Amino acid sequence: MATTATPLQARNIKKRFGTHEVLKGLSLEAHQGDVITLIGASGSGKSTFLRCMNLLEQPDEGELIVHDEPIHFRDTKHGREPMDWKQVERIRAKLSMVFQNFNLWAHMTLLENVIEAPVHVLGKPKKQAIDEARSLLDRVGLLDRADYYPTQMSGGQQQRGAIARALAMDPEVMLFDEPTSALDPELVGDVLKVMRGLADEGRTMILVTHEIAFARDVSSQVIYLHQGVIEESGAPAQVLDDPRSERLRQFLAPKH
Amino acid sequence: MINLQGYGPRLLEGAWVTFELAVLSLIVAVILGLLTASAKLSRNRLVHGIGTLYTTLIRGVPDLVLMMLLFYGGQIGINMLTDQLYEAFDIDIFINVNAFIAGVVTIGLIFGAYMGETFRGAFQSVEEGQMEAARAYGMSDWLAFRRIRFPLMMRHALPGIGNNWMVLLKTTALVSIIGLTDMVRVAAEATKATHEPFLFMVPVAMTYLLIATLSEWIFSRLAKRYNAGFGETH
Amino acid sequence: MEALTTWWTELLGGNAIFTANTLEFYWNGLTTTIQLVFLSLLIGILLAVPLAIGRGSKHPWIRMPIYAYTYVFRGTPLLIQLYLVYYGVVFFEGIQESMFWPIFREAFYPALMAFTLNTAAYTTEIFRGAIKNTAKGEIEAARAYGMSKPLMLRRIVLPSAFRRALPAYGNEVIFMLHASAVASVVTIMDLTGAAYYVYARFYAPFQAFIFVALIYLCLTFSVMFVFRRLERRLLAHLRPREG
């Protein structure tokens, strides 16, 4: 896969669940170093859109292009499917996802979680993977938790561990699906701090979040979704501080 | 009824023996199970100890060994007892251990231990507040047990009872070994005489499957009934 | 060896039933029982893993036959399965002329086959349940990190399912140990067979069966002990950290 300045493009993505159309033709272009934030009320389709990008959901229409490589689809009786699952697996390994509920593998220690995909998907030597994992755990402040199992850690620690797991893939793009929504308020700060560090070092990131202040701070682009349509999009200063639509204004208004 | 080389009617009788044996054992097991559960929940240490010993011993030894011990040992035990009676009081009686009763007692005794565990868990899952409310409305202990604790407990106990019943049903096949003429015994005798194992064993196996399938249906119906008021019915 | 035998005989001198001779019967019965149970569990588990995976297949022609197999073998008594294999094995075309006949002529192997088919059916359903209960999020994470289906099965789904299946599988091992007692009805001298022999020879049901019950009890407790140790090690991830 050639490296280009545009690691991920999504064009005209549509998705239906039954008869309900949740994504009505969404496009997005992530350039190297972009931090793109998707905001919107629940049910606006922002998580589904993110999950279409690494094909955890299969879009019914539209194109996905990772660098210059388009993903090929074919129509089956179960709906549209990628033509070549090997290609999808290869591409997913480049787009690390961080989940709302962390989804660390429960039967593995934190360190084992971090080295799992580098060793078994990327084929890295185990020793090298462990060294890298240790320095990543150090970076997210969890080196002393390397031998803990996920259930033995707090939510905030699990999420920082999950970010280390994502970083271990040395991803082209990081996808964050509401990474702080399942956390107790006092644990949110540590996770956001780690994410801010990633944005500052120029990682390409696409994130779905409810943390508007954080989005204003780190994003290069903010996209506001409403009922499966991009209602507003642009620089954070423009979208968040000077919203054009009444709906976005209401969405951003302080909740009582 | 299919003739099955003349064994058809006997197989049918055997099937009835299997069914009777299973149902009677189940009744014994449920009564013993309720007693055991109360014993294990008792604060009296001796009673609690007896309950624990019973369930541990029964669950650590194969059904067949227990059955042989009770059946073959039971006859000798009773003979010894009647001999004593004769010597001491000149009363001369002879009691022959009936294989059917031995079967019911053994299987009931074995599954009483398993039922005990099921009921214990179920009793413990009934919130004390429910019983408190019953007492607050002036219910007697027995009335509160019958009207409140028992139906609430059944919701938790039913899946366990269902499982135990399925295992019990299959365990009845063992009585054929100690000489009771259930359908397995008839089929085994017929097989030995005619060398046609499939002709006899397959219908017997299908009868077990049929009873199991029917039971499953009945238990799912019962589960629905006892689940009323607890949201999801499955 | 001779000295040992004399020692034994002297030790048991005051006892008419538990002579060195009958104890040898029990000992041989013990080894037979352990061989039967161990081998059937081992082969059973090897069969159960692919069957449990196939049981969840989206293709009905893979899923349904496996379901039918487990339904029949779990729904009928082991004794009947044993009779069917033991008496039915001669009906397989040509088996009496084949190289396998010396094996199947002995009661041990038909019994092993029946036990294996039985435990494989139960184990398949135990594993199936554990596989089905794999956390959806963990599977999603595996997919999101580019794992292929076989890799995901090998690294994520099966390791965590095996751990979760451990308590239920421990029960299955004890169940098989106890169920193996029916081997004695097809002339196998297992533990129960030995006990029956001693009972019949001395007409001493209490001694014969209580002694064997104690041996089974010891075996059961050993199995429980081993599984408790295994659970402590392999289910560490479900417990809060000590200290």
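To keep things simple, chains are lettered A, B and C as they appear, and every chain counts its residues starting from 1.
Note that contacts are C-beta pairs under 8 Å (C-beta built on N, C-alpha and C of every residue); 3 or more make two chains touch, one makes a residue touch a chain.
Quick caveat: nothing in here was measured; it's all calculated off a predicted structure.
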item: Set of chains whose contacts include both chain B and chain A; value: C
item: Identity of the most central chain, Cα criterion; value: C
item: Chain at maximum distance from chain C, centres defined as averaged CA atoms; value: A
item: Highest C-beta pair count, chain pair; value: B-C
item: Chain A-chain B separation of Cα centroids, rounded to whole Å; value: 57
item: Between chain A and chain C, centroid-to-centroid distance (C-alpha), Å; value: 47
item: CA centroid of chain B to CA centroid of chain C, Å; value: 24
item: Chain A residues touching chain C - in the complex, by the definition given at the top; value: 54, 56, 85-86, 89-97, 99, 101-109, 116-117, 120-121, 148-152, 165, 169
item: Residue numbers on chain C that touch chain A, as the complex places them; value: 135, 137-138, 140-148, 151, 155-156, 159-160, 163, 236-241
item: Of chain C, residues touching chain B in the complex; value: 71-72, 75-81, 83-84, 87-88, 91, 177-182, 184-185, 192, 195-196, 199, 203, 205-206, 209-210, 212-213, 216-217, 220-221
item: Contact set on chain B toward chain C in their complex; value: 57, 59-66, 68-69, 72-73, 76, 166, 170-174, 176-177, 184, 187-188, 191, 195, 197-198, 201-202, 204-205, 208-209, 212-213
